[in-house]
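What follows is chain A paired twice: with chain B in the first complex and chain C in the second.
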Partner chain A sequence: MNGATKDTDRKRPRYISDRKGFFSAEQAERTRKRSREMEKKVRTRLSSAKGRAKALAYFDELMRYDGVRAVELKEFREKGGKVVGTLCVMVPLELIEASGAKHIRLCSGYYEPVHPANELLGDAGLCPLVKSTLGSKMVSSDPLVDMADMVAGPATCDGKMKLAEMLEDWVPVVMMNLPRVKLGGTSSELWLNEVLHLKRKLSELTGRKVTKKALVERIRKWNEASELWNKVCDLRKGKDPPISGQDAMLVVQASQSDDIDRWVVKVRELLKELEEKVRSGGSVAEKGSARILLMGSPMIYPNFKIPSIVEESGGSIVTDELCTGFRLMADPVLLDDLSEKEIYSALADRYYFPCSCPCFSPNDERLTRLFNAITTFGVDGVVFHSLRGCHLNNLEATKIELALRERGIPMVKLESEYDEGDVEQVRTRVEAFVEMLKARRKK
Partner chain B sequence: MISAGIDLGSTYVKAVILKDLKRVGYGVAQTGYDHDLTSKKVFSTALLMAGLEEKDVEHIVSTGYGRRVTTLARENISEISANARGVQWLGAELGVRTIIDIGGQDTKVIAFDDDMKMINFAMNDKCAAGTGRFLEVLARELKVPLDEMGPLSLKSTDPVDITTTCLVFAKSEVAALIFKGLKKEDIIMGIHMAVARRLASMAKKVGVRDVVFFDGGPARNIGMVYAMEKELGRKMYVPEMPQIVTATGAALIAAENLKGK
Partner chain C sequence: MSDFKGRNIRPLRLASQLLGVAFVLSLLIGIPTFGTFPVLRNIFLPNASCRYINSAPTSCYYYQVQDGLVQGSSGFYLDLLILLLAVVIAIVLLGRFWCSWLCPFGAVQELLSWVRGLLRIPPLRLKWAHRVLLRRVKYTLLFLTVIISLPIGISALGISQCQSTLALPFCQVCPAKGFFTVSQQVLGLEPWGTTLPILAIVSLLLFLVSSFFLRNAYCRICPMGGLMALFGRVSLPYLRKDPDKCTKCRVCLRVCPMDHDRVYDEMERMDVAGEDCTLCGRCVELCPEEGCLSLTYGPYDLVSSRRPRKRWWSLPLNKTRENGK
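After this line comes the complex of A and B, so read on.
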């Protein structure tokens, strides 16, 4: 069976032998301090935006560094509760909840923890997201990440796969063998088995059986959440989007670490406020701004560098094709048969087939979804961003640019790192791109 | 109607004054330490040539890398839009579809659709490869004045192959070639070919269609033009003063925005 099973008990670390001595207290403190400062800067910028919905304040508090969630989870764990950290977007969160555990997304958007990871690995050509996630764990710089009792990581890109392996030096990991060749029957069968494997590991962790009743109940809750999320996004189809692209990402990313029942309540409040805004003609975008679709590598809060530049340069992000945005909650689990087998395969399918992550091939789903979004959201142009070292997105950019060019849709490709050094270069391109889109509109 | 455009590039600052949509004055100077001061100097040179005074100029638009630094302009635009606007005007009769604009520290390739509207662009500003800086540094290494690089390179009969596009490595490669006693013209032609390869690969990503317009300061170098034509297999159209196309575009935009108000 799965090799990770017995390995989760192993004591000897593979990548770092002296976990305590590798970093000085000074280094750890610096990483924490800079992470805190970075997040604060981003939060202040987001929350001071003109015409921003008041209901968003909840999500600011939830996502902030050292925020309420870490405190809540700490208490939960003190009472014996278990927390599962997830990587990427294919781990069924319904299942984690049905086992009695809580979930947090580990993928990190903090810049500073990249440095400790570099010290261990050298440059290694890895993307900064992977390095930052590893670094956070190494120096214990993110209180939320430290809450994880177990990690569930699908083998997506090379970086994520080895990241999961490296994290095992600190915490037990369940690797999920994601079938990257997406063919239909054989692939979904394999994936279903991986989901069932996760279910067993979860039961071992929490000491609770996952009952059918609990799972169906959790699936229904998440379907409700997905429906709400789609409603929020629908409001961005109109001429006056009531929520910025950055805030929308903040909201959907919160779902990955929040208590989903509470998230649903809060998003319902938000939706009401946004609908009111639309009725009264309020818009968060400047008049005449260019309608942008954002896609490419993940952008995890607080790494909102690219979307903030876009929205500061006269662009309005009306939708995205990102694993850290719309895609996260776009699709519900289609439950039409309540036999145990059908429930699990419906759940596994939801996290597999609609996912347009570039680690899959064929991945024509991504193009289909992209063109669909371009039409329904009235998109003027596409901003494709690739993190340095993100080979999969870098590669797919070529294919996507060609497909867009054939349809006469402009695309700009940007590359970025986890630091502020490239902001001005990116800004020049984005400004030129937005100017170009506006000039094309004037006929 | 009198308008002006100021292009604050990384190596040169350029200014253009338009009177009733005719170029009546321009100025060019090396970007000093104080960009604002340089922009004012260049602007007054252009005013002098035009026989105008500062108060006669109704609207100024700045562009380029230092566009937010100058205190002269009340409006600014990216150098990509400004360059495209300049070419739409200067190259209207040519029917330009592709622009290769080679600057001191960055190079842009712009694609036009059939209505000469910008549809795509690429920009290289992360390293010196494929920029004027590459030529400048290597010219110094060879002790050849920049202006003589072009004519000299055309005498080459056996161009050397410069294998690297990284400026740091190219410097030592060129030093080794000089040491070996190879002819200057052959080395220079090799340098031009290396830059051309880099520009061509960038252009292909954007999509190259005839007519190709070649501008920016280094486009004055006839050896560079020759190398580009060879590498792309297409004719390059170089305007009369390729270094002030972007400033001209900014001046045009200033005129249009004045009319719009």
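After this line comes the complex of A and C, so read on.
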């Protein structure tokens, strides 16, 4: 777990000793090609949607395969800059920015890189997101993932934890010991120490001290971003949501890899356009569509399979309970005291306590958040999606379904893989669900 | 201090606290608040005018409690009961608003905390076990006051000669006594040469040092607060939490100067004020959830939390980049 590249080279890889020779160049090329094709398809579908805000074009460009971001980061690295990849939402991005590095989200939504990972691991039951992320690093199919000089990986679920360990064969990893039992004082202290450890590792990487001034300035910026994101979400509370669920997810996921200063400017433009749209009565949802809340396993761009099916079947995603959606930026860092220790503790708490990832126990706040969202957004039904092999979400699905049943909110549970094979099957179920919701409302 | 929050209660509270301090200072120069009218003079609402201010016409209610315990045995403790009744009614009506909105002790502690904040020294965070222990100290002090004062007053016990030394046991260790005695002597309002209240001066120093590092250090052990806390459950003003809106982000507990765990832990009952909340509204200011925490009076919400936004003031730290342009 040493930050310096030299040491990692000397260290014997744990998983593949012959890294170069394990895959043929053809396979890598095929993975790249298919990833590009898949992303292009998704992007075309998203951008051809009717009544879509024009300001969203920026986010399309940013998130596209082989897009501007990879080029920018390449230039940044050539000038000596460092890029840090993050694996889960618990990594304080303010800290990475304050250290002078840039951050990218490593979790991959591409389908094709699953196969190289499968060849190595041979575990069909493992979470496809983990496999895809590993695969894209193995055959270096994603130019953005290749930019990472270091990876910050909180040990959330089993898959992510071992993924971080496996990634060590390619890139230095800072594992973060996330206390999965939320106890209050003791877990807060442990997590604070992990954040401070990350801070030291970041300073080693960039050779720059993380100053308090820079950190506070970054926290202020992210608070501004969070305020804007909440405003965008507020617009979806109304009868006519001006932005689709997929686009909203695209916007918020872009914040994980973008410069937040630029993101804030662009989202402010977007917000202005959306507000204008609300005033003139424009809506992206068709009339009488069922209002859906999306929750469950992460859906990383371009894996927008489930949301696209929902929105094509007459549903309108008005909010979500996803770590790749609303939850990502919902909470600001509230500074009370400006001493260094208190700033770090506020930062660590922000990334730990409000997070309702199913890897935590107790996780009752997930239900609270869910019910709160159902009332404020006027949700008709819940679509619960879990990736194959996502045990934590599978387990919580039962709890959530029972709690929803008590309140008379219907829920459908979908399980999906990282391929196109199950699209039609899922579509049939979602269509039936949406029809049922519409019929219920008419009653 | 923080320029990103939902509500802004602090200025109002500061004004109220200044009023509270002015109240004591006016008594210091001999202007009676309730007038010297005989009936009004005897109403002792909780106030903080110290008996050791020479010209003060009334005194702190805790002094009256001790006095009533000692002197009361001849009069069936009637004075004490009337006093306690007045205090209970005041607590039911005003709750512990007193503590963080008017009490001069509270104002001085916050001033010290503010200075500490300016010096960027982090506050001392106690471990849970120590916090719980401290909470008991205030009841212990209350109990000791009674157990010392009461037998002294009963002449049959034959320890009446202790009256000169041990009556008013709490006043002997109260920081206010130290402060007012010394300051009056320094200002020449009282002649030098009377004995120096060493105990009170030591506790004054302890008060200053501990509340500099630990937020609301004195409030945690104050027996007056302890007496109020006994009746806190029935008071009309309270801190209301809507557990359905709580996302357990723990901001409330982090900013609470009393480290009042209940505001974070409680997920069933609406009333989270409990024994320790002084209704300062810090958590209401910073709670990021719309309408989750409120300062409530009976059925009415005085102020509720709302989503934080950028405030117009900001610290000089912020004068760097703007909007990435």
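Just so we're on the same page, the second predicted complex is superposed on the first by the 432 of 443 C-alpha atoms of A that agree within 3 Å, B and C clash if a C-alpha of one lies under 4 Å from a C-alpha of the other, contacts with A are read in each partner's own complex, and residues count from 1 in each chain.
Following the convention adopted for this analysis, a contact is a pair of C-beta atoms (placed from the backbone, for glycine too) under 8 Å apart; a residue touches a chain by one contact, two chains touch by 3 or more.
As the structure is a prediction and not an experimental result, all values here were calculated from the model.
Peer 1: Could you look at A:336 and tell me whether it touches chain B, chain C, both or neither (first, second, both, neither)?
Peer 2: It touches chain C, and chain B stays clear.
Peer 1: Check the residue A:262 against both partner chains and state whether it touches chain B (first), chain C (second), both, or neither.
Peer 2: In the superposition, A:262 contacts chain C only.
Peer 1: Should A:361 be classified as contacting the first partner (chain B), the second (chain C), both, or neither?
Peer 2: A:361 sits against neither chain B nor chain C.
Peer 1: Classify the contacts of A:44 with the two partner chains as first (chain B alone), second (chain C alone), both, or neither.
Peer 2: neither
Peer 1: Going by the contact rule set out at the top, does A:439 touch chain B (first), chain C (second), both, or neither?
Peer 2: In the superposed model, A:439 contacts chain B only, not chain C.
Peer 1: Who touches more of chain A, chain B or chain C?
Peer 2: Counting residues of chain A touched by each partner, the higher count goes to C.
Peer 1: Quick one: is A:429 in contact with chain B, with chain C, with both, or with neither? Answer first, second, both or neither.
Peer 2: The answer is first: A:429 touches chain B but not chain C.
Peer 1: Could you say whether A:220 touches chain B, chain C, both of them, or neither, answering first, second, both or neither?
Peer 2: In the superposed model, A:220 contacts chain C only, not chain B.
Peer 1: Touch test for A:24: chain B only (first), chain C only (second), both, or neither?
Peer 2: Neither partner.
Peer 1: If you lay the two complexes on top of each other, which residues of chain A touch chain B in one and chain C in the other?
Peer 2: The overlap between the chain B and chain C interfaces on chain A is empty, containing no residue.
Peer 1: Which chain C residues qualify as touching chain A in the complex?
Peer 2: 1-2, 4-5, 117, 120-123, 127-128, 243-251, 253-255, 261, 264-265, 267, 282, 286, 288, 307-310, 315, 317-318, 320-321, 323-325
Peer 1: Over in the complex, which chain B residues touch chain A? Could you list them?
Peer 2: Checking each residue of chain B against chain A gives 65, 77-81, 84, 113, 117-121, 123, 125-126, 207.
Peer 1: Provide the residue numbers of chain A that touch chain C in the complex, in ascending order.
Peer 2: Of all residues in chain A, those touching chain C are 182, 184-185, 188, 213, 216-217, 220, 223-224, 227, 230, 259-262, 264-265, 331-332, 334-342, 345-346, 349-350, 353-354, 356, 364-365, 368-369, 371-372.
Peer 1: Over in the complex, which chain A residues touch chain B? Could you list them?
Peer 2: The contact residues of chain A facing chain B are 405, 408, 410-412, 425, 428-429, 431-433, 435-436, 439-440.
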